[in-house]
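Below, each structure is written out as structure tokens.
Across the two complexes that follow, subunit A remains constant while its partner is subunit B and subsequently subunit C.
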Partner chain A sequence: MSASASVNLSTRIRKRVSGGNRIALLLLRRWDARIAIMIVSLLTLSGVAPETLVGPLQTATTATADALLPPSGTHLFGTDDLGRDLLNLTVHGARISLVVGALSAAITLVIGGGIGMIAGYRGGRVDALLMRVADTFLILPTFVLALILAPILRELIGDQTEIFGIRTTLLTIVAVIGFTSWSSTARIVRSQTLSLRERTFVERARLVGLSPMRIIARHIFPNIRTVLVANGIVVIAGSILTESTLSFIGLGDPFQPSWGTILGNAQSAAAPSLGAWWFIAAPGCAILITVVACTIIGNAIDELLDRDVRVQR
Partner chain B sequence: MSEQPRANTSASAPLLRVRGVSVTYAAQRSIADLLARRPANGIVALDSVDLDVNAGEIVAVVGESGSGKTTLARVIAGLIDADEGVVEVEGEGPNDWRSVGMVFQDPYETLDPKRTLGEFVAEGLEAQGLPMDRVNTSLEAAELLPAAAFRDRVPEELSGGQRQRVVIAGALALNPKLVIADEPVSMLDVSMRAQILKLIEQLRRDQGIAWLFITHDLSLAWAISDRVVVLYLGAVVEEGAAEQVLRNPAHPYTRALLAALPSTDPGAASTHSLAAGEIPQGDTPSGCRFRNRCAHAVEACANKRPPLEAAPGGGAGHRVACIRAAELPPLS
Partner chain C sequence: MKARRWLLGRLGGAIATILMVLLLNFVLFRLMPGSPDRALARNPRVSAAAMEAARVRWGLDKPIFPDQLIAYVGATLKGDFGYSVKYGGREVTSVIGEKIGPTLLIVGLGEIIALAAGIALGAWTGWRRGRFGDRVGTLGALILYSMPYFWLGMLLITLFATTLGWLPTSGISTPGGPGGIEGAIDLLRHAALPIATIALGLIGQYAILLRSSVAESLREGYVLTARAKGLRDERILRGHILPNALLPTVTLAALNAGYVIGGALTVEIVFSWPGLGLLTQEALQSRDYPILQGVFLLLSVSVVMANLLADLLYSRLDPRVRHGAAR
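Moving on to the complex of A and B:
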């Protein structure tokens, strides 16, 4: 086929595995994606088992060190204004960011994917109606809506209620992000569905009498699954940013510090004017690295998909 | 929707009966048209087409691209509705897909890359509540052996010819009496073509399946069909037994198509001048729709649409829509 070894490898991969697995394998052959995946894996580990990595979450009462110590051997990331270890706080903060990111992305994909596929496949009035609804949500600024909804929901449900071990304040943030960011996913999925609908295999499925719901489940969804994954990872990055912003201005959960909460603390402790750069650097870099890593993975999948589609056509 | 008595009335009713089918594709109206209140100019894809296919018969529909072949196939399959006319299979309407199968032109597009071949064949069975054991028998009937080995494979692993066999197996699973094949071999290698044609012939012989074989290639029509229907700009211009139509073409258009076939004789002179230009894109000419490309056209051709009548000197069932058919010079 080709003289180049790398092309040969990708041809072999292409032949042996199909669909999402193939994308995953091709993804691992890109250095930028490999680094990004390593970072996200490390963060996931921090989110899942922070206690084993850095011990239990330090609070104002359990903090042992002096306030605002610069990074050193004992406190790699330095300490905050209450003497808490910033490494400890940052690792524990990963859980909140990842939970919020993953849950919001799940809501976004379910609502956006479902509405996009139905609108694209049914067409006509259903499509027009659903897309006007999507447009309405598209112009709603996520952050402003979250700003309004977060305190209201907190007031209604209360701070201390827990659902599945996650405090409701967090769920409010998840819900707000999910409900405001599905519309762009719906638009992407709709456009993919519109082109799939015209493919012969969908027409043939209609011809033999498959119901629209089955056609969506059997032919449309499997063919846009990877697009959804790529989109979902980008949505995770956006959700983490929104959550950080909300926590930064004090609308997060004070009992479960996220990176945004730490940044907020740094701001109120006047860390910038005190020259305590590490107070800002630790959570700030965590947010930056996570968002960049997610975006790299999402874009890499997108690029591979483009190439994949060209190969198949 | 005029009922015309047919010249070749067979003893029993035909399996497929198409009468007076017309389809017009709506064209987008420009803003200038809207302002001037001009009516939307539709593109006539089919204009009052009559067609019969008897049980166990292979009928080829031939014509250039733009002649309405694919539209006709899609109307018969029930994928699009005719604006006028009747399509009946065993006396039932076009939505009775149980007895009509379809084989599409592009086997690479007909199979979903994400689904296995077994899932493809089972799709129709499941939708229509037929027993799943037909998956294996259909794959076997399409000569994909051993069937069990093919069930779990994905389209990517197959050649174009194998894919088209799978598509045929998918049609066979539903136990069709008629299969519409829209250019089924045009995307395949020449070596694969012969095999697929053999399969079609064999399925007709063994299972009595009738085929409506849509093609632009007269030599394919010659190779496979019992009867040929020539379509030009959405209307039937000539029909009859394959032998008669292709050996003794009565319509100038059929003659032009035959003359355009590459000759195996290197010394033979090319006779491309028979039909000048391409199929008109705009309005259909008045009277005979072929007259503006026809070397034999006279003024009278513009007056009225020539009816489909018994071809002069032709056999039973050989009919042509040309007022000058009797005056045409004999073919060399």
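Moving on to the complex of A and C:
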């Protein structure tokens, strides 16, 4: 008992010295990461409080403007085919896109992290089997699988209700993205776990008699947390892309439109062939900016971690 | 000896993956409300005898496990994918079969163009690592990489078809258009924007990957040797760096096949291109699950094959792989 406590203490100190906080500080020194973090914060802000920024979400009945107006002083981003203000729609879309993206990423990380740590720590047959499954998911056209799974899941869940203010149609999308995109996270976490397993502090914990689950929770997990954060940010970007594609095809929720849903509306309103570029520009740029910013942050953390490893050796 | 075992392992892996896809498809088939034969039940033109025959063939009169699973795998291996709901009970294989060509045309050409351009861009930026050209090129690649395919397609239509009027907005051919050579030109004019969309969407990731592997190769000893020999930059890049740096790109191109196809499906929707993507969307709207599963199965098998091919190619290019030295 006391021995395990002292092991914990030593890893905790080690963490203080080379932990996530230092990476965060180093991150803020890079100008590209600084801009990216600023953009993501702004987007998050509009996702948190869209009502205070642009008022309540406009619907077909509350829209007041004419259809397909190009950008002007009163409608900065123009209006859509129902006369809704695109600035209003895009800011409200931020909430849906970010929440669905973040939740999907969370599920992806839990599944991928769990499977990766178990496979890496247990090794042997468990590892071989789990990685076989992960490789399959890595190769397969998981997007097509998501396309099939989403409506099936919806038919199974049945009636349209809300959980914590998120409609179940969106939750099925979250579940489907989580289920289909965990494999690369599992691969990364597994390789990290493999090298951690041989480190002395894990060996010591094993000698002290800690159970595998406890070693994974107390000694492996804290050491892959930063890697998981770096991967998580990239996964969020991927989830937002997947969500927008699924919504574009028509699997989104018309009552809680995300950026992809708006673009889907633009497609069915034939905006490209009408030359209504503003209908396409605002939500699309929002997706692009978010994904680029997340990718830049993720890559920057990765580079810093790489350098960290090189310095330690 | 080792090489043969490596090959057998790869083959076994591919077969295992396909079996897993079959299992996944089977589970999905049974998860759905209603029986798999409801596509037939909805169609008044299907006789009771034909329905009974299908039920027996799919083993629906027997328990789910293992009889139905075995019957399903057997039927699928024989090319029996079931019947489409939307297309009046037509066989899934025949509905899907006629959509493969158009999809293959735009995905194939798009991929080839993207590989060529991505390799060129990646080599150029990797060689100039850290300089201004690299910064701009890499940011451009990142932006292309982050764009949803369908959005890129919509932008291209707005610019090149609607505003400039250079190319048609959608479809595969002009209705009632000419045949022969003029027809082929018409087809190419319609295919140009979809192909450009897929190519542009893909260039980014190939360029990013090749850039980092070129930049890594620059630190290798053999590059220093080549420099010391007095070789010109272009010779070093072409003869010494690229052959090594290209290897990961081969793998990525194959690994990505599934992802590319997913993106291509949405491109077809934007351009009303009558391929698997448009079929998928129609099937999704009418909840035509047999078609969806047929598409998933077909794409999965093609992707697994592409990966197997890439593995073989990789082992040709890099003997260390098949002899188990590179780990």
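By our rule, the second predicted complex is superposed on the first by the 292 of 313 C-alpha atoms of A that agree within 3 Å, B and C clash if a C-alpha of one lies under 4 Å from a C-alpha of the other, contacts with A are read in each partner's own complex, and residues count from 1 in each chain.
Basically, a residue touches a chain if its C-beta (ideal position, glycine included) is under 8 Å from a C-beta of that chain, and two chains touch if they have at least 3 such contacts.
Given the structure is predicted, the values throughout are model-derived calculations rather than measurements.
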Worksheet item: Putting subunit B and subunit C on the same copy of subunit A, do they fit or clash?
Response: fit
Worksheet item: Touch check for A:Pro151: first (subunit B), second (subunit C), both, or neither?
Response: second
Worksheet item: Which of the two partners, first being subunit B and second being subunit C, lies in contact with A:His219: first, second, both, or neither?
Response: first
Item to complete: Go through the superposed model and pick first if A:Thr245 touches only subunit B, second if only subunit C, both, or neither.
Response: second
Worksheet item: Touch check for A:Val291: first (subunit B), second (subunit C), both, or neither?
Response: second
Discussion item. By the touch definition at the top of the document, which applies to A:Glu51: first (subunit B), second (subunit C), both, or neither?
Written reply: neither
Discussion item. Quick check on the superposed pair: does A:Glu203 touch subunit B, subunit C, both, or neither? Answer first, second, both or neither.
Written reply: first
Worksheet item: What's your read, subunit B or subunit C touching more residues of subunit A?
Response: C
Fill in: Which superposed partner A:Asp306 touches (first subunit B, second subunit C, both, neither)
neither
Item to complete: If you've got the overlay open, could you tell me the nearest Cα approach between subunit B and subunit C in whole angstrom?
Response: 5
Discussion item. For a test of understanding, state which residues of subunit A touch subunit C in their complex under the given definition.
Written reply: 132-133, 135-136, 138-145, 147-149, 151-152, 155-156, 237, 241, 244-245, 248-251, 260, 263, 266-267, 271-277, 280, 284, 287-288, 291-292, 295-296
Fill in: Complex contact set, residues of subunit A against subunit B
14-15, 18-19, 199-201, 203-211, 214, 218-219, 222-223, 312
Worksheet item: Which of the residues in subunit C end up touching subunit A in this complex?
Response: 13, 16-17, 20-21, 24, 28, 31-33, 142-143, 145-151, 154-155, 157-158, 161-163, 169-170, 255, 257-259, 261-263, 265-266, 269-270, 280-281, 284-285, 287, 289, 292-293, 295-296, 299-300, 303-304, 307
Item to complete: State the interface residues of subunit B toward subunit A in the complex, per the touch definition above.
Response: 77-79, 97, 102, 104, 106, 109-115, 119, 123-124, 126-128, 154, 156-157, 170, 174
